[in-house]
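We just call them A, B and C in the order they show up, numbering each chain from 1.
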Amino acid sequence: MKAGVENAQTVLTLEDVTFGYGGNAVLDTISLAFRSGEFVAIVGPNGCGKSTLLKIMAGLLSPGHGAIKLDDRPVSSFSRKNLARHMAMLAQSNEAPAGMVVCDLVGMGRFAHEGWLSRGTARDIAHIDAAMQTMAVTDLADRRVGELSGGQLQRCRMAMALAQDANILLLDEPTNHLDLKHQYALLETARMQAATGRAVIAVLHDLTHASLFADRIILMDGGKVLADGAPADVLTPENIAAVYGIVTVAKTFGRAIVHLPESAVE
Amino acid sequence: MRRQFTLRLGSAIHLPIDLRPALVLAALSILLCISTLHALQLGSTALSMDDVIRWLMPWQDADAETSAIMLLRWPRVTVAILAGAMIATSGYLLQVVSRNGLADPGLLGISQGGMAAVVIGAAVFGLPPAWLAWASLAGGFATALIVMTLAWRLSSSTGLILVGLAVGIVLGAAIEIIMVRGGILQFARWLAWSHGSLTSVSAGNAGMVALWAAVLLPLSLIASGQMMPLLLGHEQAAGIGASPRRLSLLLTLMAAALVAPIVAAVGPISFLGLIAGHIARALVGERPVAVMPVAMLCGALILQIADTVGRTLFLPVIVPAGILVSIAGVLAFLIAARLSRSSR
Amino acid sequence: MKAGPGLVLVTMAFFLLCGLHLTAGARFSAPALVFDALFDHDPRNYQHVVVIKQRLTRLVVAGYVGAVLAVSGLLLQKILRNDLVSPSTLGINSGAVAFVIFGIYLFGLNGAALFWPALIGGFAAVAVAFLAAGLVSRGRRDPLSLILGGAMTATLFSSATTFVISLDPDRFGNLMGWLVGDIGNFDYLPLAWLWPVGVTGIGFALVLCRQIDLLTLGTEQAATLGADPRLVRAGTLALAIPLAISAVCVVGPIGFVGLVAPHITRLLIGETGRPALGFCTLCGAVIVIAADIAARTLLAPQLLQVGTVMALCGGIAFLVIVVATLRRRAA
């Protein structure tokens, strides 16, 4: 646990957020606060509302009840472009037109910083180059999206989100489509982003990944926050049994917490 | 569990019969009889129902006036019923083959193939009308084969339809090039035919269509017993012991043969196959044995009613049945689908 | 290919075809004569008059129609994220034709006034196509369902057109060429007041280009990058439909430029950014000009209709694109 995080500024708060399609609530009175400089992982079983929560934070869905505040201002009062300067998101869908060139794709991240008549400034180019270097896609700059593998495309899209240079980075299952090496590389990048003072909030599937990289884990179930805190406090066998309905044994390797089914470990 | 009763006769015959399809079939048959009587009765000169029934009874002499009118009217009514049934059958066969409820001879290019052959045959080579059905058959077969070949390796079920649609567009352009050669009057006539019109149906047409129907409709009913595995997709169908490729080729050719005489006699009726298939499946579920006859009756009923309405309701204007089916049918279909979806 | 050389190439092709268009015809005119007719016009010289009144006007009409249809197609393909969409495959053309025919038959409209029923028809067709596609796909987002919806819409409206024409064929006698899409000798007359639609449309498209590009990444990603997806989509539709309609009003339903030109663009220089839009504009013009040359010379002295030539070539192109798209997806 980094000491600085406790005192860091709160950038994003959710107050009693409730959301539902029709009658059934997907999110049920959720209150959370996110500080700059921390890497938060949101985990939970399928359909627990974690992606919905991320979309609500990004202002893609408006909550039925409650408020989301960015620097003490309601998110809904931001224009999309202004919001994009504060908050970047890597959406889950791996969608990009096959004919688009990679450097154009990464360049899309700068849209929020462009004016009607000012594009491609030195600052824009610096951010694009830095983002491509971070995600190790500089070699792909002139390739077309259609020629990329799923993993390469995912890294390019991550570079796009980084080029957006926003203070808050929302990642919706960012390790999808990636192989082992790039999964770890991407999570490491996310942690580095948090270390530079950004708030990184990621929806993750893999509990081991979450425990290994995140400063804080939010465990969700049925639209509610079941546990919120340091990995070791959240990923306990009791919590896992309550949420996933299986009895596990927790093994720790350094930071990592691995949950194995009890029946398999004898 | 389905409600059914079993027809048992000795040890040789043991046929389970589902109650619901049987009831639906009976109801549709009665509706078709009623609408046929009305179709014969109504028209620019309406007859009395007594006259119609007397004319239908072979042992009673009808008066001369009724006979004269009937001579014009019965071919049209017959063709409407048979054409409706055949197009619906064709559409349903294609829906099974492509595993897509939207298939229709008009959407798969088969109608256009037949049309192109008819147009070229009639306008360029001056074929006599008797040959047009065969030209249409050749065109339909050729198109079906082309579409099947192009879509052969495509696994997606919409693939066949899209390829068919594209082939249909190419053929449509070719047809149009020939259609515009004869001036606006000829063009308007072609245009009306290209949307399906029963106006110029003769007794000869009726005989020809009846002959084709007598062969193909029973065949389709027999084939419906073999179609169940196809609904699972090719791989799974092969897995349970069917030979899906050969079967779907055969069924596609049969679907092409079913629309060939109709295209020659009345032109294609777009979307009738789609609508009839949908209604039939909504009524009796997915089992081909049950859906096939119900789809036939639905198609016959729809075209019959559309034709009767088109030639009586807006007098003196006569709306071609094909246009009525495309406009009213498709609108009704969309609205119905919308309602059924929002209520779900 | 980079955008720069691509643009140079298409511009060269454009001017080359313009020259060819002016010299070719029922009778070949020497380039010198064409040059004279353009820059040293002699109203008493019959050949000069032919070049200006018959060929130059056709050339302008063909270029305009190709350009606006291509841009319309590119915009639609981008915001709907669907490579198979175009004004003709969405049924916009058929909708416009049907409403124009209604306008003529019911209200006796003519000339400039026909733009409005055509516009209503275009929007109605898109609405019906979306509705049908939504029902067809049952909530799944399947690019093919939109095409099926469009095909249904096209049949629906062309049936209605056919019916109205069958009521009084004589009245529409002089419209036959327009009904299948043809460049007539007097088509420059409606163009004389319709061109601002095309110019403003393409201008706005250039301005909005960046936002539209964002939308190709998906609605959610576009929103988090700072664009307002609903606004951009509505605005783009409000550009693309009038663009296509302005072409339909001039020459009738010419299909597939709007489908093929964006594909050529994508193949050669990619689809992102303003250069691609410019390339697509010129590419569309080149295609229709080429089709017009073919229509006038293939069976000379008989004239073919540009619309039917385009439909035939475009239909084949559509078939190739469909098969290629499906193969790629299957692989």
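Rule of thumb we're sticking to: contacts are C-beta pairs under 8 Å (C-beta built on N, C-alpha and C of every residue); 3 or more make two chains touch, one makes a residue touch a chain.
Fair warning: this is a prediction, and the values are worked out from it, not measured in the lab.
Listed by label, the chains touching chain B and chain C alike form an empty list. Relative to the whole-protein C-alpha centroid, the nearest chain centroid is that of C. Centroid distances built from C-alpha atoms place A farthest away from chain B.
Chain geometry summary: the mean Cα position of chain B and that of chain C are 35 Å apart. One finds 43 Å separating the Cα centroids of chain A and chain C. Annotation: 55 Å between the Cα-based centres of chain A and chain B.
Those residues of chain C lying in contact with chain B across their complex are 84, 128, 131-132, 135-136, 138, 142, 144-145, 147-148, 151-152, 155-156, 158-160, 162-163, 165-167, 169-170, 172-173, 175-177, 179-180, 304-305, 307-308, 311-312, 314-316, 318-319, 322-323, 326-327, 329-330.
Contacts from chain A toward chain C in the complex involve residues 55, 58-60, 79-85, 87-91, 93, 95-101, 104-105, 108-109, 111-112, 114, 116, 119, 144, 157, 160, 164, 170. The touching residues of chain C, when paired with chain A in their complex, are 78, 81, 207, 210-211, 213-214, 216-218, 220-221, 223-228, 266-267, 270-273.
Residues of chain B that touch chain C in their complex: 102, 106-107, 150-151, 153-156, 158-159, 161-163, 165-167, 169-170, 172-174, 176-177, 180, 183-185, 187-188, 191-192, 194-195, 270-271, 317, 319-320, 322-323, 326-327, 330-331, 334, 337-338, 341.
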